[in-house]
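Okay, got some structures for you below.
Paired with chain B in one complex and with chain C in the other, chain A is shared by the two complexes that follow.
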Partner chain A sequence: MEPFLFVDFSRCIACQACWAACRREHGGVSRLHLLCFQEAAVPLACRQCRKAPCAGFCPEGALVQEEGRGVKFLEERCTHCGLCAAACPFGVLEIVPGPVPDLSRCDLCRRRWEEGLMPVCVLTCPTRALSLDAGGAVGRRRRAQPAAFPVS
Partner chain B sequence: MGKEGRSRVRTVCPYCAVGCHVDLLVEEGRAVGLDYATDSPVNGGNLCAKGNAVLDLLDHPDRLRTPLRRTASGWEAVGWDEALDWAAERIGTIRDRHGPDALGFLSSAKCTNEENYLLQKLARLLGSNNVDHCARLCHASTLTGLAPVLGMGAATNPLHDLAQARCLFLVGSNPAENHPVAFQWVREAKDKGAVVIVADPRKTPTAWIADLHLPVRPGTDIALLHAMLHVILREGLEDKAFIRSRTTGFERTVRAVRDTAPEWAQSVTGVPAGDILRAARLFARTRPGALIYCMGITQHHNGTQAVRACANLALATGNVGRPGSGLIPVRGQDNVQGACDMGALSALLPGYRPVADPQARAAMEALWGCPPGTIPDRPGLTVTEMEAEAGRTLRALVAMGENPAVTSPAGGRVAEGLERLDFFLAIDLFLTESARSAHLVLPAAAWAEKSGSKTSADRRVQWSPRAVLPPGDARPDAWIITRLARRLGLGAHFPCESPEDVLREINRAVPAYGGITPERIREAPGGIHWPCPRQDHPGTPVLFEKTFATADGRARFFPVSFDPPPESPDADYPLCLTTGRVTAHYNSGSMTRRTPALLELSPELFVEVHPEDAARLGFSEGSRVRVVTRRGAVEASAYLSSAVARGVVFAPFHFPGTNRLTLDVVDPEARIPAFKAAACRLEPL
Partner chain C sequence: MTVPELHQQIHVDPDRCLGCFACASACPEQRITWDDREGNRRFRAPAVCAGDCTRCRDACPADAVRLEPMGETAGRSWEPLSWSLPLARCRRCREPFTTQKILALLSRTLEATVGLSAGEADWPSCCPACRRDLESRRLLDAARWNR
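Take a look at the complex of A and B:
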């Protein structure tokens, strides 16, 4: 399984720190979306799908699956057709309009990753609602959550 | 570390009072980025949304870059010498003509300890105690409420200590939105099985994790707290040994809560009696427990009494003076604790010594080298009193980093008062709503553009070094005050050239800061908690472990009486308006409303209304409505949410307008305005 942003939304307090950190790190557009409900909030970002529909649908090969590192964006190939955004089942990929349209999709702070640093949203989150996770840990943590409620 | 020519400078965030570290990445005197201080013992790298957006304050296009003098044809840029000469001439002339009480000084919880110390010193050397700051608007009732109870009005335990609590009772406090980084310790306590009780008219994100949410009607907290104490005493759940060995005055408090049963409180507060009973039992039985309160308690016509009601509950359960317990007023601004400590208050000298105390005055006069009798023996005007007197007995006002036209009650009247002044000097980062009325505006340096110490909500004194250069000709407030003082003929008393020198003077002026030398705090990774009276003293994270700071070393119970808010909903104004913060903004918004990321999150004034109230009044989500009280009316967009109780309307106070609606009533002791409960009506537009 690719590493991805694990969200424990029972810990999220809607403080928007992740959103603000992501926006700052990525030139003024957050790649993470915080959905606020009446009594809960859910940060949503790219799931780093192993067989990513966005990459599969891209007619120009601008989104390329890299083993163990998620989907890489090759800007020079992108025509901003928007098929990738339409294909994403989670709605967490967008074409950002502007003089030079940009693709907004969580890349786990690839620039930082290459320097051995954690994504900014993970570092800034005060309640540890966000973590970088991979492999079997995800299933174990997901199981533990609903199980813990009736017990405690 | 890192790239060539780039340095990393650890600063203390300029927003709230958690005191988070923010690492700035600096190249050639300019900030090129920020990074997370993951090894900080304070915040472990976490930052809130505002903390993530701090860089926007540096080099912001709206920053003031040169002194500005108001002329008939608009603002005229002037040099520093001309500006300061003129300011000194005007202040000196007004003092000579009308006496020192015609001068007023608004100090600032946004400035360093050194700057607050210098400004109150300037005011007092000019012969006026008219020096105050915005603590008057947020936690003045904590000072007046707790000082006679505990001996001092400050958080008893460090914020990270909340993680050790087994019960957390938050009253009128919403750290999840207002102090998100501090909420991690609430969350950590909950992870370890702590019980969380939240009393708030709204089901805030703080209340999301509560085991019990008590939606109390605004302004009725005393009734709730009294009913809880009533249950605790009725069921014998109080900490008898603690009460006997460490407190006095318990009997009178017992009598005060004899008739405050939960059934009575239900009719007053709207909280079901069964929930009050449960809350009382949980809080009394689950020790150690921390009681966290904030402006939902302090900003009332009876704020001082409400603070004491909190203290009574904490004392009766033995929850003061041990780790994991405590009375925690969470302060709002990065240095509001420090500004109070430094004596930027109209009745208190540095170190909380009353101006009425001859020995305290004599000690300060000796330290400052001024003739006996220089410091007046009567308290000066508070923030709200200065604003009311502006253009009347008060002829000149110096406002350092304050924006009263937005933050004070009856904001419209305050703006008129500012216009009537003979001389109004504003020192600020931006041309705020208030500064627009000034005769002279001086450009100040922001947090990272100057060095100094700041004291966070939990008495943690930290050094924040200068990391970058100020924009244009902006200067640190300390530089400005010192030069102004020298031009006013007080140069002999203002010899300090650096913030370090001023802190060394503070070491001698404020006993609790005696051992907090520049050399020590510059090297202390997590600062030092005052009191720290000596160089070899480690600081005091938890207060009152052995003795209280009162004359006899015991805490005092104060019987409190409940009286309802001066204005209750009626036929003409059927809803209750309460105010507070949103996570994206900060106080008057002069910084956050200029920050694109934060404006994107929260662009304009809104009112939060229960969907049933909205349906009855005939408007829907996003509608424009007029909010009307007896003081005024403003327009806002409607945000419908069942998080707010029926009959209650919530408005954030970060936008001009909200405080034109609030009550123009103050607590008689603390002189804090009653921002939190007013009667209003909504008119769909």
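Take a look at the complex of A and C:
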């Protein structure tokens, strides 16, 4: 299973700390989107799709699925054409306008990861609603829970 | 009259152009510009470019840019280039978000890249903001079931 950012909505209190931490870590642009509804808030970030449409649509092969590490961005190949943003099914890969439009997408804080550190949003979340699922922990947790509703 | 060898005439084939902004992003002088207005993405570029730079041509994913070395100026057009492509509107909020050609190409390639037919993938016709909204509602619904 590819690693991804897992969100437990029942724990999220919509404090926006993850969003603020992400923005600070990544030069003023949050790669995490926070959607607020009346009953809950939903932090959305790159899903690190195994068959990633962004990677498939990139004409330069600048986005690649790296086994066990999610989708990797090879900046030196990127031509800043913006096609990846059109392909992302979840709208979480964005083009930041500018003279050279930049790509903004959660890479699970890859630089921190290489230093053995957790993504800043995971570290910051006061209610531990965010976690990095790198080894199928969500699947294990699900299987450990009894069925939440009867199957008719 | 002759101009230095290094000058080159820029040719853009609007039929090949997808309407992405790779050329505009690549130009070190930012001489290729674009804007979205009145349902179209409009591009502007100079007819002639000085220098031996080929970054716009190299960046173009559709091979729509051709650079022709200039020797003679006779019969050359110095009129700046402009071309435009129709934008696609989001099926939910009706806001334009990318070009129709990029979406058509995406629909054609999804089957080969991720194994989804055009009918199975419902997101390409939505803008990124609506894709996020739909996805978060789906997630909330799923969380409600799992509670």
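Methods note: the second predicted complex is superposed on the first by the 133 of 152 C-alpha atoms of A that agree within 3 Å, B and C clash if a C-alpha of one lies under 4 Å from a C-alpha of the other, contacts with A are read in each partner's own complex, and residues count from 1 in each chain.
Simple rule for what comes next: a residue touches a chain if its C-beta (ideal position, glycine included) is under 8 Å from a C-beta of that chain, and two chains touch if they have at least 3 such contacts.
Bear in mind the structure is a predicted one, so any value in this text is a computation, not a measurement.
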Chain B and chain C placed together on chain A: clash or fit? fit
Check your understanding: If you stack the two complexes on chain A, which partner ends up touching A:Gly28: first (chain B), second (chain C), both, or neither?
Key -> first
Across chain A, the partner (chain B or chain C) reaching more residues is C
Examine A:Ala85 and indicate which partner it touches, taking first as chain B and second as chain C; both and neither are also allowed. second
Practice task
Report for A:Val120: first if it touches chain B alone, second if chain C alone, otherwise both or neither.
Solution key: first
TODO: Answer with first, second, both or neither: which of chain B and chain C does A:Ala17 touch in the superposed model?
DONE: first
Rounded to the nearest 10 degrees, the Cα-centre angle chain B-chain A-chain C in the superposed arrangement comes to 120
Task: Answer with first, second, both or neither: which of chain B and chain C does A:Arg128 touch in the superposed model?
output: first
- Could you say whether A:Ala40 touches chain B, chain C, both of them, or neither, answering first, second, both or neither? both
Minimum Cα separation between chain B and chain C after superposition, in Å, equals 13
In chain A, both chain B and chain C touch residues 39-40
The residues of chain C that touch chain A in their complex are 18, 20-22, 25-26, 30, 59, 61, 97-98, 102-103, 106, 109-110, 112-115, 121, 123-124, 126-133, 135-137, 139-140, 143, 145-147
The chain A residues in contact with chain B across the complex are 11, 13-17, 19-21, 23-24, 28, 38-41, 120, 123-128, 152
Listed in rising order, the residues of chain A that touch chain C in the complex are 7, 9-10, 33, 35, 37, 39-40, 42, 44, 49, 51-53, 55-57, 59-60, 79-83, 85-92, 94, 99-101, 148-149
Residue set of chain B touching chain A in the complex reads 34, 36, 38, 45-53, 55, 176-177, 180-184, 187, 193, 203, 205-206, 208, 583-584, 596-598, 600-601, 641-643
